[in-house]
Amino acid sequence: MKVGVLGLGYWGPNLVRNFLGNNNVSSVVGCDESESRRSFITNRFPGVGLCSDFNDMLKMDLDAIAIATPVATHFKFAKAALDSGKHIWVEKPFTSNSDQAKKLIELAKKKKLKIFVDHTFVYTGAVRKMKEIVEKNELGDIIYFDSVRVNLGLFQHDVNVMWDLAPHDISILNYLLPNKKVVAIAANGIANYYDHENVAHISVYFDNNCFAHFHVNWTSPVKIRRMILGGKEKMLVFDDMENIEKIKVYDSAVEMKTKESIHEALVQYRTGDMYSPKVVQTEALALGVEEFIASIIEDRKPLTSGLEGLQVIKILEAADESVKNKGKLIKIS
Amino acid sequence: MKVGVLGLGYWGPNLVRNFLGNNNVSSVVGCDESESRRSFITNRFPGVGLCSDFNDMLKMDLDAIAIATPVATHFKFAKAALDSGKHIWVEKPFTSNSDQAKKLIELAKKKKLKIFVDHTFVYTGAVRKMKEIVEKNELGDIIYFDSVRVNLGLFQHDVNVMWDLAPHDISILNYLLPNKKVVAIAANGIANYYDHENVAHISVYFDNNCFAHFHVNWTSPVKIRRMILGGKEKMLVFDDMENIEKIKVYDSAVEMKTKESIHEALVQYRTGDMYSPKVVQTEALALGVEEFIASIIEDRKPLTSGLEGLQVIKILEAADESVKNKGKLIKIS
Amino acid sequence: MKVGVLGLGYWGPNLVRNFLGNNNVSSVVGCDESESRRSFITNRFPGVGLCSDFNDMLKMDLDAIAIATPVATHFKFAKAALDSGKHIWVEKPFTSNSDQAKKLIELAKKKKLKIFVDHTFVYTGAVRKMKEIVEKNELGDIIYFDSVRVNLGLFQHDVNVMWDLAPHDISILNYLLPNKKVVAIAANGIANYYDHENVAHISVYFDNNCFAHFHVNWTSPVKIRRMILGGKEKMLVFDDMENIEKIKVYDSAVEMKTKESIHEALVQYRTGDMYSPKVVQTEALALGVEEFIASIIEDRKPLTSGLEGLQVIKILEAADESVKNKGKLIKIS
Amino acid sequence: MKVGVLGLGYWGPNLVRNFLGNNNVSSVVGCDESESRRSFITNRFPGVGLCSDFNDMLKMDLDAIAIATPVATHFKFAKAALDSGKHIWVEKPFTSNSDQAKKLIELAKKKKLKIFVDHTFVYTGAVRKMKEIVEKNELGDIIYFDSVRVNLGLFQHDVNVMWDLAPHDISILNYLLPNKKVVAIAANGIANYYDHENVAHISVYFDNNCFAHFHVNWTSPVKIRRMILGGKEKMLVFDDMENIEKIKVYDSAVEMKTKESIHEALVQYRTGDMYSPKVVQTEALALGVEEFIASIIEDRKPLTSGLEGLQVIKILEAADESVKNKGKLIKIS
């Protein structure tokens, strides 16, 4: 299989490296307007083909194209790639809005091509282990999902902090709890520097007794990557800044005794042991590449397809509308 | 000076111990209906007087009474104590609503008595050090204030998690940034077990380019007590779970270059050294007791008086209204 | 039961508080030459009797006397207390040398009195949990015991850092591994400020395939309290600076495959899950007091008697001789 | 410049990648007997030349050869490379004994070739920053150096844990404190699995009031990489497991007041603020490669030459002799 990578900036070289490392990929071609980015690749990966014009890449004999460019350009490049018969890999967030996402999904369906959206975290050992624990129902009913993703980050020019950071957490939420239906979104935040919010808090209401919250911030002096899943039986903490003990499962819970009188001790809590399962350390991107290639070979939907990309975009759109209206509740259909 | 302590449950014994330890206090009397709580005190502090009926305490020759009972009873006991001519110390939150708070403030003014609200954190070495740093303007303009206070906590029967935990953070915010005017509140959360929310997120809008957020949760498997002050020059993190390095000041900031083109690198960031100032370890409650006694002797307003208590209650009332309406924006007059 | 406490400096007030809190203790008397220390006690514990002369205390109607004075005076005061028919509680380290320890043990035996040596850590929830795990043989054969106890500590005038800090770790080692026989000691270190070492490393050789090491340091900028028990099946880490997860058990081990060829892969390792058991948080000193009182009432040897105190002193004596001779191996009989 | 890399196992591919990334290197050739290791390289770095026989590599037109093979083979390969006129890069530890090291240094001198020993840590941002702080004399006189390097590591077949892990710490010590003269070594430890020690403690005596200790362990369930430099004015902690705040400088110290009486408060301590300087994050290996290439181009001694390699070997030899004799003091000439 032959793969092209469009955009050799920050993330593109990682794609090049991982496509090179995949056994089903025989050659990789990179494309970027910038000569310095192209020579960066030449130095590190002497055998990789290069071009400076995307139209040249479209004419090459390639099976798939990976798009690692700014969000605003995803639709244009993705559409062109699909039109020229290539399977596509698109960096997150999938598109700038849900209309674009729907159009690409429609086009791929018509052309019988695959769309893979790079929700990388779904391919990490930690999130896989969380999925396993949730599926075994070890935590009991999930009552809340809390995520913090903050650091002193590079401002994106075309999107706010929600579009930059929250796709990771939303895609993890959707992967872990596919049966929880989101019904409404409220988002609050502030844009201290220019039009785009640099701090945001997204509250997510579900159709049952569950609640989620995403805190994203580009202007935090410390890097925090923490997720808490509160269950009725046990609770789980995923701290991605930990080198080893990334996941901890606490045998802690709140116990309702009775509802007879609000002045009685009707709510108690217990704490017990904690355990931290071993997490597979394979690079997520390598597993993502494997899944993309396998979905093409086996002609099946990849785990993170355009549909999963669209679900994330819908929540981001609602969050955008809410944050512009100071937390106004936005219903999700 | 002679002091009575009403309520010898969880916090009352700490008040007894700290009033005993104050040089201007000659005797301490405790009051609780429960015999086991009274004998708990007798064992540990053999010389402390005890009674079981608050009316008996009101008749004693006491200068001041400290009220450490459930919130719903604060107003009743505080009013009776003021009526009988005693200065009062009231645990946080001050009262169940702002009307009660205003009435007590009015009554104390008429009677020329002091009200001290126990916003303990204002008396910690860490918050004092933060105040010092903010006042020196070391951080530059504060653009956001973020606080997380979560753990597996005992549910209160008469209030939700916001009334239980957020008073700490709101009182710190008010103390650190007295000139920032709160204009509106939006709160989201969930009540998983009974009527009262166990998870809540409070967003605070100010009249200028600043934003605050409080995350409180009674159902977290891990205890987090972290506050971030984002400044235009430097940023500060206060982690109360750290034994030693509670405060860290980061020489990190976002730098606006130009607004010429949104596609240019108009926002950059820099990171530099971090320092962690030494923090005085004196017990906050001892300093609070000292301030209360001094305000009586010197006949002056204590640092955390009824007014400071009222400001906290106003925000909690607005948060309550908002959370019942899924984040509806509530204006603060 | 009536108890006297000699020495009201740093640790004495904790003894007063915990004897007061014990249900079998009816009254507590404190003794210290310093008036300021006596009035410190009067303020905090108004009902406690006080005296300034130890001879007065000896004449009082007391069942037991706790000795919390500098090490060099332990023997003198302990002997006088036993001579006057009192059971004794002695702070660690028991005595200045093993001869003194043996004499006190002999005297107590003759007088049918109890000696309790305050190896406080043996009464902590964490060490109790470790004992439970070791006794269940969950770790397999213990191959090494590694302990670090360092901080910026107050220099003791009459002993070096080994006599001040290592008794904790040696008493834990003896409690956890009573069947491991120490055969030799080697200690290295340095005295940077005056005659007494402020940094020391004690290596302990056993009569089988096991090794222990204690690192103690009064001049470390950071406080570290960590112990590792390396087992052939699992490994345990006890970090006393952790607030909650003090003990972690790692399902990690080294696996010997074959000894055929030293150039083959004969040693492999595996890592698995980790768990952190819940640890009881009761104050160790309260449990120590309980054990002391119970040993008197039930007329039996307390868990940490003079014998356990003597074992610690023997290792400290050997370490002293070794460190003065730059690590010379000292045999233990 | 053209460079060959011998040994494409664990570390070799990193050398290949970093030589490729250096601007003065035009081509890289790899050599390994194992076909799977060679095809690993082909996949990732399609343009790199490969051979399976070191004799073929010796005949190639190469300027330098990097040797990343087991320690026991270093001398043989290094000698052959020098004999054929190539500059050499040798992984740590330099050789199996000091005689071999001296012979290679002699040979390189005669042939006017460079020897670079890969003491990687000397090229990290953290150690560079430590050097800067020590050279400014910010810490005052260094009174002790304490290092812990433990984890569950792959056992080496031809060396014990000291030869595997301690070279890092010894090379850092030599780099930071070049004027401290080592006079004697004492080492204790245990070999639980086969002939080679898996746990070791190395004490280092200097010719003045300074002491160093290295703790290395292949059988620890947790990974610890910590170094403490105790100074008379300030103290520094380097924790390599920290992602960001790797270095912390504590304004803490012990203060001698007087020596009049050992029973007076002659030793006190003070604690103040802590700061954590920003550390450059450039990959150390890239900087090491740069220094090696620069030393060839500029015809000068590289920072970590054969001499620095020899100094490390001397300490390891002494430690080996000591550990075989249970801590016997071994003088260093």
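We call the chains A, B, C and D, going by the order they appear; numbering starts again at 1 in every chain.
In this text, contacts are C-beta pairs under 8 Å (C-beta built on N, C-alpha and C of every residue); 3 or more make two chains touch, one makes a residue touch a chain.
In this text the structure is predicted, and so the values were computed from the model without any measurement.
> Pick the pair with more C-beta contacts: A-B or B-C?
Top pair by contacting C-beta pairs is A-B.
> Can you tell me which pair among A-C, A-D or C-D shares over half of its residue-numbered contact pairs with B-D?
Most of the B-D contacts reappear at A-C.
> Report the inter-centroid distance (CA atoms only) between subunit B and subunit C in whole Å.
40
> Based only on mean CA positions, could you tell me how far subunit A sits from subunit C in angstrom?
52
> List, in ascending order, every residue of subunit D touching at least 2 other chains.
222, 271, 274
> For this assembly, give the contact graph shape among line, ring, star, complete and other.
Topology of touching chains reads as complete, every chain touching all others.
> If you look only at subunit B, which of its residues touch subunit A in the complex?
Its residues touching subunit A are 143-144, 146, 148, 152-155, 157-158, 184, 186, 188-190, 192-195, 198-199, 201, 203, 205, 209-211, 213, 215, 217-222, 228, 230, 235-237, 248, 250, 252, 254, 256, 259, 262-264, 266-267, 269, 271, 274, 326-329.
> What part of subunit A is in contact with subunit C in the complex they form?
245, 271-278
> Contact residues on subunit D for subunit A in the complex?
Subunit D reaches subunit A through residues 17, 20-21, 43-48, 222-223, 241, 243-244.
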